[in-house]
Amino acid sequence: MNRKLRMGMVGGGLGGFIGDVHRKAAQFTGEAEVVAGAFSTNAKRSKQTGKSLYLDPKRIYGSYQEMLAGELALPADQRIDFVSVVTPNNGHYPISKAFLEAGFNVLCEKPLTMNLKQALALRDVVRKSGKVFGLMHNYTGYPMVKQAKAMVAAGTLGQIRKVVVEYSLGWLASPQASKQAVWRVDPNIAGPCGCMGDIGTHSQNLIKYITGMDIEELCADLTSFVPGRQVDDDGSVLLRFKDGAKGAVFCSEVSTGQENNFRIYIYGTEGALEWRQETPEDLFLRSNVEPMRVYRRGWAGVGPEAAAATHLPAGHPEGFLEAFANVYANFLACIKARAKGDSQAGGDFPGIEEGVEEMVFLDCLLKNVKGKAKWTKVPKL
Amino acid sequence: MNRKLRMGMVGGGLGGFIGDVHRKAAQFTGEAEVVAGAFSTNAKRSKQTGKSLYLDPKRIYGSYQEMLAGELALPADQRIDFVSVVTPNNGHYPISKAFLEAGFNVLCEKPLTMNLKQALALRDVVRKSGKVFGLMHNYTGYPMVKQAKAMVAAGTLGQIRKVVVEYSLGWLASPQASKQAVWRVDPNIAGPCGCMGDIGTHSQNLIKYITGMDIEELCADLTSFVPGRQVDDDGSVLLRFKDGAKGAVFCSEVSTGQENNFRIYIYGTEGALEWRQETPEDLFLRSNVEPMRVYRRGWAGVGPEAAAATHLPAGHPEGFLEAFANVYANFLACIKARAKGDSQAGGDFPGIEEGVEEMVFLDCLLKNVKGKAKWTKVPKL
Amino acid sequence: MNRKLRMGMVGGGLGGFIGDVHRKAAQFTGEAEVVAGAFSTNAKRSKQTGKSLYLDPKRIYGSYQEMLAGELALPADQRIDFVSVVTPNNGHYPISKAFLEAGFNVLCEKPLTMNLKQALALRDVVRKSGKVFGLMHNYTGYPMVKQAKAMVAAGTLGQIRKVVVEYSLGWLASPQASKQAVWRVDPNIAGPCGCMGDIGTHSQNLIKYITGMDIEELCADLTSFVPGRQVDDDGSVLLRFKDGAKGAVFCSEVSTGQENNFRIYIYGTEGALEWRQETPEDLFLRSNVEPMRVYRRGWAGVGPEAAAATHLPAGHPEGFLEAFANVYANFLACIKARAKGDSQAGGDFPGIEEGVEEMVFLDCLLKNVKGKAKWTKVPKL
Amino acid sequence: MNRKLRMGMVGGGLGGFIGDVHRKAAQFTGEAEVVAGAFSTNAKRSKQTGKSLYLDPKRIYGSYQEMLAGELALPADQRIDFVSVVTPNNGHYPISKAFLEAGFNVLCEKPLTMNLKQALALRDVVRKSGKVFGLMHNYTGYPMVKQAKAMVAAGTLGQIRKVVVEYSLGWLASPQASKQAVWRVDPNIAGPCGCMGDIGTHSQNLIKYITGMDIEELCADLTSFVPGRQVDDDGSVLLRFKDGAKGAVFCSEVSTGQENNFRIYIYGTEGALEWRQETPEDLFLRSNVEPMRVYRRGWAGVGPEAAAATHLPAGHPEGFLEAFANVYANFLACIKARAKGDSQAGGDFPGIEEGVEEMVFLDCLLKNVKGKAKWTKVPKL
């Protein structure tokens, strides 16, 4: 397939945040270009967005249904190759379902769906479709996260005993929140979990990605600090993993003054790792028997997994966009491999199983805080 | 009282850690000098220690009982003015009690006692004695901790919503632990709590000192990671305070590669503070409406509470010793004030009430992890 | 002009570093797309590069001369709108000259030319051409550099007294250098200055960009540490500015273990700024009368200049690419403005004057180290 | 000698800074106690100071001459064992000379004297006296500085190519300076060098201590930024060492907002070290072939030289006082060794040779800035 893949988008109108990141990240790979979109349910805003992207006006749509019909009406060799679903959470399920069933590959924003039931249903759709489904957990795309994963797998830490995740932001500390915030605190759009749906899922996903460990039990305390808020804006969770490892996750969107402070510490019998999203180029390896080492993207000592996700020499800062693009690169490579006939092609990007896991996590959190039991078992579905 | 106060010590033999810190810290104040001690239950080691301190051989004792008798046998104007009890935990109660009842002022290491019952009994002894009793929670002596306390009191943070404390060390990650470690994992010497008795109490005390907030409910998970260990070496605790504030404390002594990583974050409606013991000269004030400010010991913007605990100009690092000495300075000033006739003199140093609070905290932790209820009420005794 | 600008490139073959950054940065803006290139003097490598970019094979050229002819042969409404010259230094002058004289806008890598004579000649060409000429000093594109410039202009620092720049890299510490390094130490390709041509020019340019101050006198010591190396790989320079301000620049490419450690400190009578390229999201404002403030891209307290160069919310790290893209964005906007008839349109991007200044700086450095006088006057040409 | 050494002091009256540090540091070692002093030329202030130290009133003197007479009048076994000279610079020479000639050991503050002539004369006095002479360059006492010295000696860095020292403070940025500042800008009291005498000497001394390298040539620019100031408050110096190594030192006391920002970078062919006084527990080792290592006082990987200067476990911050005390500990051990009959006993503390070196450095700086030659040879006297 000697061409760029044709990308469509649902959501991502001008003035939003994440849609533009998706577009830039996909195009950063050099393997995709945006050709169509239903950027807003407001047709005028969708038009303006598509125009700002210099799209063919005929492929700027007023709704995802219209887009689906429009694309299907095109000759197969002009249609989009995949669609990125970047709407608020309540759009994820119906839009992904519709495009998958129509034969399109889909990349969807997290959290996967509004609830576990939808997640399981969507998994069925994906399985039946035979199409590629990606879930955007962008933090897994950071090179030093991949380095951490590789070091854990190589046994550098010995046996893992403890995982601590901190994810704190201040953006919802006040009732007057930004535009992007409005829907995130509306349970009809965001789902029953607020903070935990937004960043708790990132926390759970990152633990799983780096360590491969599944949560077996959890005990939580969720809070809505801002008066009148209908969903949690803060949550702390104690975790138990297989083989006795423990964990703690504390997330908050009312952490005044914090920007996007996502940290993970992984302690093993032989060593420990620390990574922080706001300074993503560093990975700290601590030990009791030698000085701390600071692994840096692009520098000596970093393995092939991170190197493959690296674009610039060390000291030339990469960031959020490149991590995002790394997820896209693997997703797009999978589509190309499938197109070449490798129907089993996968890749290093989160997909439907990770989506089901995150929805199980949210489901168990709600059960725990609503029930009386201290610990809630987390099933493997 | 135009002289230095005469200091005695029980515990603190050569080769130990904290006894020497007590001696140096007390002498740093310029207001005390060590004149007597029962530095070890091994009489020879006690002698060697006393000799290394150039003490009068007659005042180097083989046991605290001998010391008590010896000091009482001296003319009142030669006796020690106070004793510092720096033995393992099981010595705190009997030794403090004996000296208080004999009319001596006492400064005791934390945690106060082996259990809550002893703590309440010791409180009675203190009250009856009329003597000054100090409890060494040295981290309260850091100038930037005092600055944090002052800023909270001044309302800089608005209403406090969330407190997070991390206290991680790696020193007990292996079964082969150092000399100082041996008794800390022996429940007969350290008490039923290991990690939580050692550093969980520091966490609880620091929260109280800075914020003034009492824990009302807690939910915990304690772990003994090292095979065969009889006490916890790791603990995570969810906290609920009055008026809806929440907290999380995660302590561990098996955090491979961590030295003495004690951090506190305090989030309020208007601002947030972060302080870290390993870099104690910085205090970070975050807000949603202006850039982060880094308050530094000795520099502009720092208030009188911190200034009063400051010895060197900014940029000339102070550390653990000076913080320790600040606790001693206030304790010693209290003794001098009492000697001048102010029988109600107090001061900015932890005492018996803080000791009871920490023992209530440990007691509730044990109840929570042994019981079935998710939340355990923390009484105010 | 309701379309993306058509970008051509000379240099930037596969396996290089900076060419790909130019392509990605230009496309990041959403306002340009690569349509043609002579990516290598090796025609095969040029073809491979163009193919990897999915270019029309007819517009993948084997030399810049061929490219010039080929583009001019196209109808005007299909030709490239501008060319990015990203060859080694010895290509900058002839290629820029050729394209400017043929009526194309040009963006050229730094340093401008091989020597001052060429620089002055190229300035004449630019002036005569009436075309837009940009010089890629990418560090000026960082939002927090723009914030620093704005704060200096607003008088936040008072009168500037001292500027210190450190630029240290380790990549040339060994004789066995990487591919990108080979030409940089060959005076026939890089020019008579090695380290100072490469990163000394960045240092001079950043000082000028942020402070607006011209160097009036300099005194330098240049060194070639690696045996047999024909150009400097290290240089330290003392600076004198107008009105008594002083400066120091120390650059080195043999700073073992350093990645791209470019820092600037600006000290004024009232305040001081520090910025470091490897952590570019922070800008530190120090003062003698209040706590240090840490300005962060995207956060409160940051002004419109930085905000206009910001793409993601605070805490979502931006880096080298976005800074690069910010230079392109302003360069492209200038081309569009000219196309709309504003023949005087300029913009916030370095151009031919900055290029002449950097070549004067290099010229004076060489004079100083070859001559006997301690101080060398730096003329304003 | 089974007792503490008896310490006398000249200078160090209440309200000053460094005298109290000397007293606390010497007493921190457990090997000295202050017994006598002429703390001020103001007899009343001297009395108040001595009283606050609970000294015998008979040994609180009104002048150093009175003190010398008074101590000599005592029986030999009651006299002070050494005197610490902590007056402003103009007192160093006459007071040190008088006490040495009277048979007392001396520890003197830096810089050694007012000028090179005095320095050489004092060296003669020291040599004739046979007494122990220490010079307080406290930064050499930091454990991680000793670790750096050991690593350089062990060849960890390969051949040293470049040394960069930054020493910036803001305390003299305004004409209205603090009490301690007044004499430091008076050439009759501080000597002809201001900033360079105060902190330039620390820079030169630290380079020599860690690397053992002598400066062979220098080229400098000194500035008095504050109007009316008679001595330099800023200086930048280019250095040349033996075997082609180069250096740069930039010192300033008008660096608004800086506290005591003393950094050193040492670059070798194989590795590089960075140490910063304000965070003295860290030592950074960089290399081109492995990740950066952060050596920490008290932690794994640190050698015996640093360990011997370490008092607390890692993570329990030590600072300025402990470093100061480490210099005293070695000075006092030398006195004890001499007292035991080892007339050649030396030790790891700066002395008269280091004092001569620093005065040669200052002398050459003045020659360079007053003369016409670019480079000034630095003789080994």
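In order of appearance the chains are A, B, C and D, and numbering begins at 1 in each one.
The criterion applied here is as follows: a residue touches a chain if its C-beta (ideal position, glycine included) is under 8 Å from a C-beta of that chain, and two chains touch if they have at least 3 such contacts.
Everything numeric here is computed off the predicted structure, so don't read it as measured data.
K.L.:
So which chains are sitting against chain C and chain D at once?
P.N.:
A, B
K.L.:
Where the centre means the average of the CA atoms, what chain is farthest from chain A?
P.N.:
The most distant chain relative to chain A turns out to be D.
K.L.:
Chain A to chain D: how many Å between their CA centres?
P.N.:
The computed centroid separation for chain A versus chain D comes out at 56 Å.
K.L.:
Measuring centre to centre with CA averages, how many angstrom lie between chain A and chain B?
P.N.:
Roughly 44 Å, centre to centre.
K.L.:
Just how far, in Å, is the C-alpha centre of chain C from the one of chain A?
P.N.:
35
K.L.:
Scan chain B for residues touching two or more other chains and write them down.
P.N.:
171, 258, 285, 287-288, 292, 296, 299
K.L.:
Okay, in this complex, where on chain A does chain B touch?
P.N.:
Contact set of chain A toward chain B: 157-158, 161-162, 164, 166, 168, 170-171, 173-174, 219, 221, 223, 225, 234, 236, 238, 240, 244, 246, 248, 250, 252, 254-258, 265, 267-272, 285-288, 292, 372-374.
K.L.:
Going by the contact rule at the top, pick out the chain A residues touching chain C in the complex.
P.N.:
2-4, 17, 20-21, 24, 27-28, 30, 51-54, 169, 171, 258-261, 277-281, 296, 298-299, 311-322
K.L.:
For a test of understanding, state which residues of chain D touch chain A in their complex under the given definition.
P.N.:
It comes out as residues 285, 287-296, 299-302.
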